[in-house]
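Per-chain numbering from 1; labels A, B, C and D assigned in written order.
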Amino acid sequence: MTSVAFIGLGHMGAPMAANLVNAGLTVRVFDLVPQAMKSLTDLGALSSSSACGAAAGADVVITMLPAGKHVRSLYLGDDNNKGLIDVVADGTLLIDCSTIDAQSAQQVAKSAAEKGLSFVDAPVSGGTAGAAAGTLTFICGGENGAFELAKPILGHMGANILHAGAAGAGQVAKICNNMLLSVLMVATSESLQMGIDHGLDPKVLSEIMKVSSGGNWTLDKYNPCPDVMPNVPSSNDYQGGFMVDLMVKDLGLSQEAALVSNSSTPMGALARSLYVNHARQGNGTRDFSSIFEQFTNSQQIKNKG
Amino acid sequence: MTSVAFIGLGHMGAPMAANLVNAGLTVRVFDLVPQAMKSLTDLGALSSSSACGAAAGADVVITMLPAGKHVRSLYLGDDNNKGLIDVVADGTLLIDCSTIDAQSAQQVAKSAAEKGLSFVDAPVSGGTAGAAAGTLTFICGGENGAFELAKPILGHMGANILHAGAAGAGQVAKICNNMLLSVLMVATSESLQMGIDHGLDPKVLSEIMKVSSGGNWTLDKYNPCPDVMPNVPSSNDYQGGFMVDLMVKDLGLSQEAALVSNSSTPMGALARSLYVNHARQGNGTRDFSSIFEQFTNSQQIKNKG
Amino acid sequence: MTSVAFIGLGHMGAPMAANLVNAGLTVRVFDLVPQAMKSLTDLGALSSSSACGAAAGADVVITMLPAGKHVRSLYLGDDNNKGLIDVVADGTLLIDCSTIDAQSAQQVAKSAAEKGLSFVDAPVSGGTAGAAAGTLTFICGGENGAFELAKPILGHMGANILHAGAAGAGQVAKICNNMLLSVLMVATSESLQMGIDHGLDPKVLSEIMKVSSGGNWTLDKYNPCPDVMPNVPSSNDYQGGFMVDLMVKDLGLSQEAALVSNSSTPMGALARSLYVNHARQGNGTRDFSSIFEQFTNSQQIKNKG
Amino acid sequence: MTSVAFIGLGHMGAPMAANLVNAGLTVRVFDLVPQAMKSLTDLGALSSSSACGAAAGADVVITMLPAGKHVRSLYLGDDNNKGLIDVVADGTLLIDCSTIDAQSAQQVAKSAAEKGLSFVDAPVSGGTAGAAAGTLTFICGGENGAFELAKPILGHMGANILHAGAAGAGQVAKICNNMLLSVLMVATSESLQMGIDHGLDPKVLSEIMKVSSGGNWTLDKYNPCPDVMPNVPSSNDYQGGFMVDLMVKDLGLSQEAALVSNSSTPMGALARSLYVNHARQGNGTRDFSSIFEQFTNSQQIKNKG
């Protein structure tokens, strides 16, 4: 039976690890915050006192960390600690599910390969709800063989396991997607508000654009205009969902990637500036569809309440 | 049997009128260019020597003209001519299928209403291919009653007959949609190119974003990157399809609308500037997905040939 | 002695007319709001009961109105009134100081020319302070001869009388300038805030950029960052100065002009969207340098008080 | 007499070092390309076989390198070489004139301080012409004492020696300035072209905006429209001056800085995208004012020749 080490039990990591436990795998967990391990050990996971301890005997190591620097120092080591790639057994499969810069992912993949280890970058989308339900999408980078090994493991946590290309390609594909998403959200918001400003009903306009050439994911699943769709953040005062601060982080990664490859991303760059303005105005913890409010008449909003 | 006057037989108007003839309606046509009537009379349409002559006894008048000024002067008259609303019989249904500014549509609708006539603004999308196949989408503005009357007539020329709201709403909804479309096209282009710049295969990246939150109409139907999809302009040197010059026109209408309603459309405004630059560089008659080339490395393009 | 009719006595028109009275000219004034004439008649101006009445015997007619439609209907007449060009004496010089669209200015100039009258479009910059002090800048369009005649009259109200070209050129030059100004203001704001975010003193950074290649009018005269310069709106809670709503109006005119000439103005278009957002957030009556606050951390601003 | 080590003799470094030699200082030079030292030794400089060799006994070390990674590895050492800070004598003043990211500058400054050494980041503006003429502007970061020591040395190579703040502040101020400059250039270009599109003479429009609120460095010194000013790149087919590729580099640094500080720079980000597009279209080695051509009608350009 496959034994998995899961390191990083935050809002995303904890429910992901829980799904592995529930699938019957042997899961050894670690988090810098000891309490974070409690809910997992209650489910039957084993705990460790260090990341290396958790990883030492595992068949598969999965990590879910905040940023590239954490991933680099965990896998490669730093002044104080050995890296995971120095302690895991031969043949261990390494899977990083963090959303980080592609360069860090490639650097870890390369160092892992030098030790004969397979590394897959597998950032996720789907949010905490998808993590709990086991319906995440994983966008993976790495060798074909490593991807095929990772696929059934990831399948316990997600519904779509996609292969974007070589090492780092999962990260690149994810930020390309999220950059595009941010533009869809802003552009759908401004289009809907312009319709409203001309007296159109946003529900009717949304239905029309959804079946026309303006159709996009935000109109299908995540309309930013309040009260057009039920059960989306815009109809719940923009609570829940995907935070503005996280979109700002992903847009930052996208612009970092654009600098590395000398790419021009006028729409993505503009979306980042608008989202940073929005965050600085105190909306960082609200859902990212709240960018819609940048285009409404605040007077109207105030009078609504 | 319903008799229809069809005025304006350009690239779109001619095949639209042909579908009405083929549906068995009595169609009287007029165009300022006499030769334009020939293909229609060959099919069985009747010709007229003037717009008013065509419209005089018709149950329904349909117009397909280049811009708001043409629509206004045709319906309302000018120094030299009476307007259509002065010559048509009581109860005639007026349908304008041109893509024009909403204000002109509203002005004509108002003058028509003062004469007791019903007017529907019904701009189309779907291009010349959709016009020929009778699969256009009509986005309509006008009273419910008028819309219900127009619907079966438009049904001979299109597959989707949508009602956006009161007079002018068809125009507003269409330019909201096309503004959004232009942003989808630019943002999808820059995202794909950034992926390519990082070594990703645009086919793979397109497949991933299509099923993720970046999903949008351009990825589904009209991928801007050459050789990702068959049978789209990008795989045919950007020939055919929807011309850059027409997108520039629609984006102009969208910005005019934004000025009227004091709306903020940062993405749409940026798309317009990028498309104008693209047109000025000599791409006006190429398909609008050729904006993709703004983001590629020209050196790569040159080396391809 | 030259007799002048001055029509339109708002915040700008009233002090401008006062300077003509103070210069010893015979000034006949009219405004739709009778009370607006009081301060002028107190100074020695004559009042009229209608615009045409004021203009009838004048050597020079000067108008200062809100928008193109007012200028067109006043000069050209409408359903209820004769136009000024129908009532003034032969040889009357017509000067419009309103900031309006170039097309309206050209239309009035053309109609005036058909009656043998000279028309100069002469929009101003310098604000109410410049109007009071007689230090306005006039940017004029019209024939050389007309400009030479207008120059000494305008010289009583302004310090710089510039000739931009033929009819309408004054309006075009003014909106080109104001569009550029809006971009200078936004770009200077974002550059200063980025420096502040990195710990730099905005006074020091302003001094450095002022003498470097980033030097521009806003750094010289109108720094948007509070407490960098004395006696500017940013150091007075953004009160006074040039209102956001007026910048939105001018940016609207600039985008209208860009549509007419099919010009690409990515920076000006973006500035308009940012200013519209800013106005919609309740800042319409504050000085336009308050756009700086779009880039600051609102938390910081609140904690300052 | 002060002895100076000068490391990095490219297009900028060579003439800068020459001015130090001409000022009578003892200058020891090093460059990875031995031939690059020839022109300096001809002038009287001493050559070294390594950077550390040049720096070993110097009172002042000056470096002029392409990017942050070169500066870090030179000062801090790497796997193969000791760093300069490990070999220089106590009390040596370290001055880096490269344009690099602020973080690298701060990192070097911190490591230098730990060894008791003073480090000044002193990026320059003024181009190769300014380097030759000794009229560069230096924008410096570092402690007051270090800045005062650096000032007379830099005074042999430049006309303006400015102090922006603590370590790294020179780099931040320079990229804030250059980001602002790029926006001035784009916005001035689009404003001038819009005027031209309306029939205005760009010389007249430039004169008007120069003395109005649109006034900025590009109108004063570097007009982007051909044949408005003599002796600028735009009047010489955009040859010479400051290359598009270098502006792309500086805009990249500005966006990197914006990511570090979570700043919003919509104008700077848009300028970067436009400049990257321009470079990718084959304009990388032309002067950065050639961005003007993005806004002209290419047909007009072609017809000019």
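Keep this in mind: a residue touches a chain if its C-beta (ideal position, glycine included) is under 8 Å from a C-beta of that chain, and two chains touch if they have at least 3 such contacts.
Per UniProt, the chains are A, B, C, D = 3-hydroxyisobutyrate dehydrogenase.
All values derive from a computational prediction rather than experimental measurement.
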Centre to centre, using CA atoms, which chain is the farthest one from subunit B? D
The pair out of A-D and B-D sharing more C-beta contacts is A-D
How many angstrom lie between the centres of subunit B and subunit D, each centre taken as the mean Cα position? 50
Roughly how far is subunit A from subunit D, going centre to centre by Cα mean, in whole Å? 38
Considering subunit D alone, which of its residues make contact with at least two other chains? 262-266, 270, 274, 277, 280, 294-295
Considering the complex alone, what residue numbers of subunit A touch subunit C? 270, 277, 280-282, 294-299
Contacts from subunit D onto subunit A in the complex sit at residues 248, 252, 255-256, 259, 262-266, 269-270, 272-274, 276-277, 279-280
For the complex, give me every residue of subunit A touching subunit B. 102, 125, 137, 139, 160, 162-166, 168-169, 172-173, 176-181, 183-184, 186-188, 190-195, 197-201, 204-205, 207-209, 211-217, 220-222, 254, 257-258, 260-268, 270-271, 274, 294-295
